[in-house]
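The two complexes that follow have subunit A in common; it is paired with subunit B in the first and with subunit C in the second.
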Partner chain A sequence: MKHVYGWLLLTPAAILLVGFTHYPAAATLFDSLFSTGTVVRPSRFVGIGNYAALADDPIFWQVLGNNFWFALGTIPTSMTIAMLMAIWVNDRLPARALARMAYFTPTVLPMIAVANLWLFFYTPQIGLLDQINAALFNAPSHNWLGDPRTVLACTMVMVIWKEAGFFMIFYLAALQSLPPELEEAARMDGASRWYFFRRVTFPLLMPTTLFVLVNATINSFKLVDHLFILTKGGPDNASSLLLYYIYQVAFSFFDTAYASTLTVVLLLLLAGLALVQFQLIERRVHYR
Partner chain B sequence: MRTLLALLLTGLLAAATPARAQTEITFYYPIAVGGPLTKVIDGYARAFEKEHPGVKINPIYAGNYDDARIRALAALKAGQPAQISVLYSIDLYELIEQDVIVPWDDVATTAEEKAWLKAFYPALMMNGTYKGKVYGIPFQRSTIVLYWNKDAFKEAGLDPEKAPADWTEMAQMATKLVKKDARGNVERWGVMVPSTGYPYWMFQAFARQNGHDLMNPEGNRTNYAHPDVIAALQYWRDLGAKDRVMPEGTVEWGTLRQQFTEGKTAMMWHTTGNLTAVKNSAKFPFGVAMLPASKQRGSPTGGGNFYLFKKTTPAERKAALDFVKWMTTPERAADWSIATGYVAVRPEAYETPKLKQYAADFPQAVVARDQFKFATAELATFQTGRVRKLLDDAIQAALTGQRTPAEALKAAQTEADRLLKPYR
Partner chain C sequence: MSEIVLEEVSKHYGAVRAVDGVSFRADAGKFLVLLGPSGCGKSTVLRLIAGLEDVTAGRILIEGRDVTRLAPEKRRISMVFQSYALFPHLSVAENIVFGLKVRRAPPAVRESRLAGVAELAGVGAALARAPAQLSGGQRQRVARARAIVAENRICLMDEPLSNLDAQLRHGMRVEIRALQQRLGMTVVYVTHDQVEAMSMADRVILMREGRIEQAGSPEELYARPATTFAARFIGTPPMNLAALADGPGGAVIRGTAGAPVLAGRGTGRVLGVRPEHVTLVARGGVPGSVSSAEYHGADTILTVQVGAESLLVRAAGRVELAPGAAVRLGWEADKVHLFDAGSGARVELDQPLPQPA
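Our next item is the complex of A and B:
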């Protein structure tokens, strides 16, 4: 009888999870083994044919590389900034609420709105960035988003600006839960602020750091909204990311089978990353 | 499994739909809900219903062209009613391949209805016709024109009333129009042609002007690597790299209008769809002209057509035909053109008193119409998304100097051949 209750309680969540997570994932894997069907040419089993096509697709490798640099460029920076901001606004400083709010504001704004703002920051000549450059450094105008060498970095800066405030909230919450006695005791013993941070605060923040790291990694593959506004992945795929490419393949090329194949790769990649993070890093994390 | 789900969904929806006493036309229209144009479309639907009792028009507003297509197709798959839709003119081949649309010729049976099929500008029918049959009735259509800043022309010692007529002249005038500050930084560029968002569309104009279309009417062959097409891309590249009258790299579609109205470029190529916005924000007198010629003038058309879905009863097809005919009468086409800035789709619309008056006050509004003589279909093929992106990437690679125009276009052509071979 107990079992029945248990299962009944689980059912709603299980239905949702199976219906919207597990079934789609399995169906995606299944679809990736077939060709895209049309009325003229029905879908047929192609085995790993789609995966072979993927290995030969230069754009896939390019967007994967872009995604790697994007992750590498955004995650450590936004996490460091988030931690610094959190430590700063955790202190007693005038207008603390205002400072916290200011840091958090970018997170609240929708990505589409943010991208529209930054589009004008980056616009050559009339854009904010060029105006500042011209006023301070006499620098000539630069075509920020139109140059394949700068476009990816430009999107990274914007994403860091947007993400750091979000991660700051987690660090702030963690800092506030640290017992104040620790700091008092450290001060009594004559520990410097840097020493205290290095040996006490930072290790105690590790669970939060792990959580933020996992989130930041997932986000670096998940966040593509800005590309719709800023670059559409251009010039020549220089700023395109894996998920945006999947969108293009699915909804612009209507190649659902190949989109499924790319999705399977993305899923495996994320699952692999999460495993590595939990397995390796968890050993070095102190939970209380 | 999928059929089972579909059956289930159909059953649920059928149970939810009230019995129909009259013919209902569900009409998917690509615009965001709550936009100002929804009022216009709603007004048309209500006015049509008043004149045609027994027919009910249900417009469904479905975001942009991509969203509308996805939603309309999903509705059809789920067995929900969808009789007509305004969709991207270049979705034609995709819709044919999915086997969801029927040609209007099948329903236009009377002599009057047959004449109506021929009432539109021929340039606008190219994207709607396949194997001699009309699948797309033009509704909201645009084309590319050249905007120029008359004050900048005056300042550079050029005739402010005269736009460049050909490529050489455009490059020469643009060189004079470039303004640099004391430090040698460019304050105003000569000309800008956007190369993000829809690079293939702009490039079609260059290619057409140099004598070539980029695809065949059957939609199964592209012409990316012809020497004249390569020369066209070289000209575009040279405007930035050699003549230095346009910024090097790509030019952003979304911010170009502001750059023009801020006086940062003396000329721009842009869609007629921007006309009203430029008119409202430019603080200087500006002109609108046909695009310059190389061997000939030329510009692609763009925009949305009416499609008729296959899953329709004869009564629905008849009502749909009546509605689309009603939506494209000369008076309504004129009204729609003034309300939106889209081109009126048939010549008689420009003879209506309303549009004549509007054109007299604002002559820029008829330039697009005059350019129709030289217009060509927008790039559409089978596998259109991929084939188009190949060209987009090639153009951007050439404009950013990563590859030469010849290399980039030849590679794109090889890949397009591979994709299109099964359709020949």
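Our next item is the complex of A and C:
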């Protein structure tokens, strides 16, 4: 009888987990091994055929490359800015609460709203960026989001602006948990603020840094809302990211099998990254 | 020489006077204890000496040099923190030489000094370990090693033993005192534990609400407390303080009829006598009745109701007295202290005391 109660208690959570996580994951893997069925041509088993097609898909490689640069451009920058902001607002300064709130505000805004806001910055001629450029440097108008060379950088700047405040909260919490006597002891020894940061604060923030790194990495593959507003992945897929490409394949081109294949690749990629990062955490954060 | 002088030092936080016009001198090579209950300003005084807080008014001189506005690292003093403030990510050895590295001491100097202080502080076996792997006592020793490695002549200690259990504390008191004497350091030591003050100090400064209540050697504080506050703070159990009243033959303990304890006026005065100086006598003395007896092993603490006051008596060995038993209490005339009931200040006895025995 005991077993029955146990299973009954587990059931609600199990249904949700299986229905929305495990079954879709297994189904995705399964679908990626079949062709997309149509009315005239039913779905059939193709083995790794979809994966072979993926290897030959230039857009996939372009989008993967975009995602790589996007991650490389946003993660270290937003983390550095987050740490600096946290150290800054952790100090005794006038209107500290206001400064903290100001830094945190972008995080609270929905990505859609943020993207709309930045759309006005990047709009040619009437946008903030172009107006400043025209006023200060007398520069000609530039279509920031229409130029394949600048569009990815533009979305990166916006994402950094949005993400840094969020990561700052984690750093701020970590900084506040450091006992103030550590800094006082270092001061008595004559350590400069920079020396103390380099030898004490930064190493003690390492657990937070790794936690934020994991989150930032996942976010860099997860955050695609802005593309719907700003660029739709264009021009010529120059700003598209892996998840947005999956969305397009699945719901614009209705090629569900190929979308499943892309999804499996994305999941493998994220799992691999998570594994590497947890290995790092195990090795670097042992002093506690 | 490495003495510290405070001249009318004050520290105010808004309207709160954490430290209010404190002046004292910590002599070179001596062990000075700042004693007082929590919130009395003793730790703030220490932080002012260290330079971790800025004084509101007054001057601080170290080795004859005015350091009032000097940064902490320029004052050439070491400090042991209550929490030890060890860097959790550094090994014991790295913790100890942290300050030497900051000051760019050559590696050879660092190594030799590290070996020296590790030996002195008794942490030689733990050098490669992390602070989290050490016991409380070991951490305390590391904090001490870190303080002496800079070879400063002055060391400040902020309740360094308060995180340790009672058994360990005794050993640590002996170690710290021995280290101070061996190195001839000037130590300013903050504590709320009067046992630490009595057993370690050359000189004790008792503080209360930001001011100095009494300063003197442990013997002076014990033998001649300047106020009822000092009388109660030093000694376990604390001194008996009994309000006096006027009686026919002289001052009597409030609520008693006869048995004068003092010639002259009683009202407005407080009699002080330590529990260890009160004895049970066969006849004479002050009558009272036992309300409880607490057996401590070496002695028994009796609580005796005398009139409206209850007095503690420290009797040697085991004393079997049931509650309600009638006893007579006596004490020697020179063990009696007298205080003003209003101000709490000590009143000198100008008339000879009749012994109540």
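Note that in this section the second predicted complex is superposed on the first by the 269 of 288 C-alpha atoms of A that agree within 3 Å, B and C clash if a C-alpha of one lies under 4 Å from a C-alpha of the other, contacts with A are read in each partner's own complex, and residues count from 1 in each chain.
Just so it is clear, a residue touches a chain if its C-beta (ideal position, glycine included) is under 8 Å from a C-beta of that chain, and two chains touch if they have at least 3 such contacts.
Please read these numbers as outputs of a predicted model, since none were measured by experiment.
Aligning the shared subunit A places subunit B and subunit C next to each other free of steric conflict.
Look at A:P203: by the touch rule set out above, it reaches subunit C but stays clear of subunit B.
Contacts of A:I229 after superposition on the shared chain: subunit B is touched, whereas subunit C is not.
In the superposition on chain A, A:F253 makes contact with subunit B only, while subunit C stays out of contact range. Of the two partner chains, neither subunit B nor subunit C is touched by A:A97. By the touch criterion defined above, A:R187 reaches subunit C but does not reach subunit B.
In the superposition on chain A, A:Q125 makes contact with subunit B only, while subunit C stays out of contact range.
In the overlay built on the shared chain, the residue A:P140 is in contact with subunit B alone; subunit C does not reach it. For subunit A, the partner that touches more of its residues is B, with subunit B and subunit C as the two candidates. Judged by the touch definition given at the top, the superposed model places A:P179 against subunit C, while subunit B stays out of reach. Closest contact between subunit B and subunit C, by C-alpha atoms in the overlaid model: 53 Å.
Under the contact criterion defined above, no residue of subunit A touches both subunit B in one complex and subunit C in the other. Remark: subunit A residues 179, 181-182, 184-191, 195, 199-200, 203-204, 206, 287-288 touch subunit C in the complex.
Residue ranges of subunit B in contact with subunit A, taken from their complex: 66, 70, 94, 97-99, 183-187, 195-197, 199, 247-252, 254-255, 258-259, 262, 264, 383, 385-386, 389, 392-394, 396-397, 399-400, 402, 422.
The touching residues of subunit A, counted against subunit B in their complex, run 38-41, 59, 119-120, 123-127, 134, 138, 140-141, 143, 145-148, 229, 231-232, 234-238, 248, 251-255.
Contact residues of subunit C toward subunit A in the complex are 50, 52, 71-74, 77-79, 81-83, 85, 87-89, 98-99, 102-103, 130, 132, 146, 150.
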